[in-house]
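One chain, chain A, links the two complexes that follow: it is found with chain B in the first and with chain C in the second.
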Partner chain A sequence: MKSFDLIIIGSGLAGLMAARTAVDRGARVLVVGRGLGGLTLFGNTIDVLGRLKGETDVAAGVENLARNCPGHPYARTGWEGIDRALQAFQTLFLPPDNFVGKRRENSLLPTGAGTMRPTFLFPITMAAGAEMIPAATLIVGFRGFKDFQADTVSLHLGCRGAVIPFPRYGLGGMTTSAVARMMEDSSFAERVGETIQQQMAGERFVGLPAVLGLRESASVMKALEAATGARVFEISLLPPSLPGMRIFERFREYLLERGAVFLLGKQAGEAIVKDGRCAGIVVPNAPLATEYYADRFILATGRFLGGGLLAKIDGIVEPLFHTPVVQPARRGEWFKGRFFDREAHPVHQAGIETDAALRPLSENGAVFLENLWVAGSILAHHQVIEEKSREGIDIATGFMAAERALSA
Partner chain B sequence: MDLKTEAVIIGGGATGAGVARDLALRGIPSILVERGDFTSGASGRNQGLLHSGARYAVYDPDAARECISENRILRAIAPHCIEPTQGLFVSLPEDGFEYRADFIRACGNAGIETMPLSPREALALEPRLNPLVIGAVQVPDGSIDPFTLVVANIRDAESRGAVIFTHTEVVALVRGGSGMAGVVVRDLLSGEEFTIATAWVINAAGAWANTILALAGTSIPMSLSKGSMLITNTRLSERVLNRCRPPASGDIIVPNSTVSILGTTSLRVSEVESFDVRPEEAAFLVYELALMIPEIKGERFIRAYAGVRPLMQSGETDDDRSLSRGFSLIDHQKEDGISGLVTIAGGKLMTYRLMAEKTVDFICERMGMRVPCTTHSQRLPGAGIGHTLQDRLLHLRREIPAARQEVLCDCELVPRDEVEALLKEGKVRELRDILHRTRIAKGTCQGGFCVYRLLGMLNELNRNGERGDSNEILKDFLEERWKGIRPILWGTAMQEEELIETIYKGLFNLSGEGQGGAGIVNEEL
Partner chain C sequence: MKSSFLSNPQAVLPYPRFADVCVRCANCMTICPVSRVTPAFPGPKQAGPGAQRFRSPAEVSVDDWITMCTGCMLCDTVCPAGVPISAMNLLAKAKYLNEQGRKVRDWALARSDLYGGAASRWAKIVNPLMKNTSIRNLLDNVGGIDRRRELPAYERQTFLQWFRSRPAAADIPGRRQVAYFYGCFVDTNEPDVGKAVVALLEKQGLAVSVPHQNCCGLPRLGIGDFYGAKEMGSSNIAALLPLVREGTAVVFSSTSCGLMLRHEYSRLLHLPGAEELAPRLFDICEFLLRLQEERKPGLTFKAVHMKVAYFAPCHLRALNIGLPALELLRLVPGLDVHLVDADCCGLGGLYGFKKENYPVAEAIGSDLAKAVARIKPEMVLTDCEGCRMQLRHLTGLPVIHPLQLINN
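Now for the complex of A and B:
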């Protein structure tokens, strides 16, 4: 029988943050994750609250949101909880590969569609994007690398675009992670830099897709800056997200050093529940199934994409613990008639209702299981896509759920 | 620009395209005008079923005979548009055998060959069928690709001198004396208006027939019926599957290449453009058709769509002008005293060629010409080119030079070269034309990834030209895509929806409109 202090189900940013918080307090932690979470799909920057209503101060925006939407995850953590969690997050990322941002305000970064997008913290490799001047910027894409379209980005930003061949292979069809691996080879990065340099017409900024290496991306950026004489920045592109993979890798490295156990590529099949408590989980590992036991559990399995919520033709369920899921009354009400409606689609506010300590609630308002806490986007009453609050909610509630679970 | 021709055809659906080809084969010059692109109406919004006629045998033997006759003709002239799958009429315990007996007899009377199968035989042919099936009857149904069919008709007509204008709308009918003198049309993309002088106007506008007739101050009695359909992500059966019971909603599954199409519902509507599918309609089709194939409940769907069928109202149609119970050719000289104007309406995809034949026979007779129809014996261009996925893959291997193997659409394997070649032809005028002529955005992701890539490629090719806001085009595309996606959002499709929404609203921040989108760019830069 395998026993832990805390089992975290979900290996996205919320689960990782909970694990990190728990190992720092000396807990024996097991992380069970089906995949690498939303992080590796679109976790490029750390959003806290991109959509502000008149305020410029993000803390003030969070407090207003918490006041107006008392069920919102930020109403549980408050700005103070977010701030503490973000500080803990940032201690993992030391210079030169650190995160930067304004102290209390959002910065605007260019995107793969050539729009500008507000975010709170971002990797140093994206920093020059917040300062670029379109007339002095060249956007560079790679021939055959189709998930970043330099001419679409440059058209909308109002700067110049160029598409260059990959130095070594020339052929198209490269994937994000394959390009990133090649970029870590300094002679390859140097030749990319030289090719870019030949395309430049006095620009002072160069924007590239976010493929500057899986590790030590700051040094890849420096190499390109040396070759081009310009400030180089990464731009987020279609999934997968390399900046998200870097975050995942850093967490994993840290957690393994501190004795956490990972079960990746595994999905918790069912929960063992007795007397209002969760005793353990069963992880199918065909042809066997293994049981893992712990005193406390954190559910951080994400939404539909992560597998935390399951949309059936007649309703939404949480498939592991079968906690109640707050949701619109009928499937016909899940979505608005227009994709780009001014309001969020109602289904995105569906999720798990909790008490002030992030414990899920039964339909009658009582605590569902006394040793279960919930973190991340599976929580109800937020609109991560419209609010641009995904990473903030993950980090703050992951941090809070672990603190509450361990002090219970 | 002003033009002159013998006949103007209004409508680029199957009927209009068929008329253009028939006229061209008989040596009569014509110009076809289509408001959108080919098959924008019912011709492109149906199940792609090559009817054997069996579905009509019991209640409408004339329509059944027409169908089986056209079925055989289409197999001969358009083999590249057809997959000769065969069809089964499946009896479930609740259906009993009463209808089946009538059905087999009626098919025999209509000349449709049938082969009764035992439950074991049916399950051996189609293992996913409900194991409780009590019997099945095999008939010569199949599937047909309407777009390829229509384009083949158009290409043949063009090669014989017909002129085609797409994205061109008729804005006025010009009268001369008691007859037609011409039509005034407007190019909807450039805004240019011009006149086409002609003595004959053939109204083949389908569900929009009365919109055209309003320009002449008249109308025909027509009602509109909306049918909704769902596309699955995988092919559920080898054969077309029908319920062996009186025709009802949710009784057919048509395999089409790598997918299947579930149909259909039937709803009277008053608006021609009623293309939205309600989530309840989607659920109805799933539950109903799961009775034939239980696995449908767990199947992933990629899109829902609806078509509006124009139905001629019976009772108000005189017997002598009703060529069959399916379609009507209306001579507006007889009805309204307007010579040179005819409307060909009603009918179905299966009878498009016959409808064209009757229309052109009528015009030839009025012109005093005696040229026989040959559309039933002359093969359409493209016949002989394979259509299966295997053929496409082999083609892809042959066509893509190793040095430039860039595939724009990963779901359907569309190479960049194919799109560049299409652009060089110079016939596409907007994004939708490209999507219509390639497999881009037809696969599992429904354009969620490849349309961004396609627009990037267009921006790159046009770097030094005048470029519009491609993000607006992308947003319009996503909005259009949404109509087909929204009704089927559950299960895996819901997961992909979360991904797509996170990319375009979240990561790319295309929501704009004061929420930190385009507005912020202007303020800050």
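Now for the complex of A and C:
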């Protein structure tokens, strides 16, 4: 039967970061995903701590958060752990398709809803969005591309908006990946650029939906900049997120080159546990169920959407290892009275309690399984949505879990 | 040319209504090769679970675009919710074609196993005829088989004839037996693939047998002919099951035949015995890799000093076994192997031979051709005969099964 040094369950950003960290240390790694993982759902930019309480320095914000909330994943990693992990992440994305951001501060980027949101690192194709001046910006949408409404976005941002016809395409039915694919054709991108140029009235910035290519988005951006004479930036959209898919593809390419094995599509079905250790996992693909063995395991299966946590009538469970889940005492306490409360609903702080090394704990406080580590949003005591900390937690804990697992 | 008597009388199989399991994340929309190149196909999210809510056995199908699905199954591999999207599409396609009737061409293409033997026997006559312009024009205009698509040449001596003509190997008692499901295409068109498989297995000290076999039935299933597919499946199970019960492993070298045998016989066709057969069926590269892991020292391969590109077929991905061919190729000393960064070849088996699908197959293929060109290989390797045909058509490079290179 197949045997690995490390099996990572989950192919979102936390799992991929753990895998990358492990292959760099020479480990033989298996990644078991569920579908494509979470990156196409969330991953447009890298949030670390979007909600700061008075500070402007993200590092200071992280340290304050860790002090006030000692169970928080950032209390395990510290700012130093986040910083190291982010640097490791960034080495995967070399220019021209690199990530940028301020050294220790958040930047404000426009969204597809026409709002400005704080984020820490973002692809270079979004960089001009952080510097745009509304009065000097044109927001461009494509006729028939329903996922981006240039009129709404521009109205909210206080810019001018334009909807242009899309060469070669009829009305309707345009998908994000179809548009992105055509953008990679340089003659097509040039024509789009010329059409935009005709709509411009002296603007110096042009914002477009995040569809600038499936792979080499920086070169698409450059082509549009050459044709328009303006600085061009991408704006985050509804899922599927192409910037997220680019991150996924980059990780996959890197990992496959270094001999990691990927099983995407089927969720790990059960864990084979013996004497306080996990020996293996079973991956079903009807009518088969295949066993995979390893010395160490990392659980990075995300929350409810990713399948890492299951909300049952009488409580929240972690279905693979049956790791204890910290959660409100009763179901009636899962939600606050108001849906859009400033603070997270208690159900969203449920998750897995770990020791300082990210090993899950039993109810009695002992280590649950000696060769299991946990990474990503399945960890307890954070508020990823309200804090705007999803990718920071994923990257920092994925990195740390792999380091700890391999040094154990 | 349509004929109602060719319609499959069998009603669409009952399939659990999975439409509501879909979380609308649109991961499938990022990977669908068809909706990426044409707005005429609405993509797996709409065609599968979206349209499923409006489908009723009592009503006539209106989703004429459903025939544009190639059946690549990539959507299934990225779905985080476990929606059997490709199966939904296939059932909808079967219902649509049952109502509309199937073209004689579709029937004939899906039953190439019935005339492949004769075509091989008369290869000297058949092969030039298949290249004859007048005949190709006739096939194009009347038959609907696109004249720009090369028809695969037949080999004078089939794989089975070659296998039977070999001097009988000395029957060493206790030698581990392995049975080979070679598939129609290896038999009549690419016997060299089969010869490489036999040679490699024998080099490992295994006794290879070739059980009686029919077409796996996938081409029939591709046109929604469940009845025909079941007929093929039942006969193959009847032939293979006794071997498996004696402990013999069965290997396949075509990832599509293998997917059909291992998964669809039970998952879609619910054939008796299929579940018992499945755990003893192995992709040939997966099987060799297991030998490699079991044996110390492992297998050794002759050095090949060459730069090659390896392309992972869609149905290999649906098998969810990783990329065993790539792992094997990395064991070949001197070989500089690069994974092709593309999702689908576009041929879709018989799909790309059909005149109405040719432009879609070409557009999908053009992305693959570009990805291969970026690598600048001397040769391309891939496990699937359909992908090999398409890669030859697109690149003009030599294209072989990975084992043919390993067995050089």
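Annotations
We take it that the second predicted complex is superposed on the first by the 408 of 408 C-alpha atoms of A that agree within 3 Å, B and C clash if a C-alpha of one lies under 4 Å from a C-alpha of the other, contacts with A are read in each partner's own complex, and residues count from 1 in each chain.
Note that a residue touches a chain if its C-beta (ideal position, glycine included) is under 8 Å from a C-beta of that chain, and two chains touch if they have at least 3 such contacts.
Computed from a predicted model, the values in this text were never measured in an experiment.
Taken together through their common chain A, the two structures put chain B and chain C side by side without a clash.
In the superposition on chain A, A:R25 makes contact with neither chain B nor chain C. In the superposition on chain A, A:L305 makes contact with both chain B and chain C.
By the touch criterion stated above, A:R331 is placed in contact with chain B alone, chain C being left untouched. When both complexes are overlaid on chain A, the residue A:K266 reaches chain C alone and has no touch with chain B. By the touch criterion defined above, A:L41 reaches both chain B and chain C.
By the touch criterion defined above, A:L256 reaches chain C but does not reach chain B. A count of residues in chain A touched by chain B and by chain C gives the higher number to B.
In the superposed model, A:M245 lies in contact with chain C only, and not with chain B. In the superposition on chain A, A:P118 makes contact with chain B only, not with chain C. Taking Cα centres throughout, chain A sits at the apex of an angle toward chain B and chain C that amounts to 90 degrees, reported as a multiple of 10.
Of the two partner chains placed around the shared chain by superposition, chain B is the only one that A:H156 touches, whereas chain C remains out of contact.
Chain B and chain C never share a C-alpha pair closer than 6 Å once the two structures are laid over each other. The interface of chain A with chain B overlaps its interface with chain C at residues 38, 41, 170, 172-173, 238-239, 305.
Looking at the complex, you find that chain B touches chain A at residues 276, 278-280, 283, 286, 297, 403-408, 449, 452-453, 455-457, 459-460, 463, 467, 469-471, 474-475, 478-479, 481-482, 486, 489-491, 494-495, 497-499, 501-513, 515-518, 520-521, 524-525. Contacts from chain A toward chain C in the complex involve residues 2-3, 30, 34-38, 40-41, 169-170, 172-178, 181, 215, 238-240, 242, 245, 249, 253, 256-257, 259, 261-267, 283, 285-288, 290, 305-307. Only residues 38, 41-42, 44, 50-52, 108, 111-118, 134, 141, 144, 146-147, 149-152, 155-158, 161, 163, 170-173, 236, 238-239, 303-305, 311-314, 331-332, 334-335, 337-340, 342, 345, 384-386, 388, 390 of chain A touch chain B when the two sit together in their complex. In the complex of the two chains, the chain C residues touching chain A come out as 23, 25-27, 29-32, 35-40, 42-43, 76-82, 262-263, 266-267, 274-275, 278-279, 290, 293, 317-323, 326-327, 330, 339, 341, 367.
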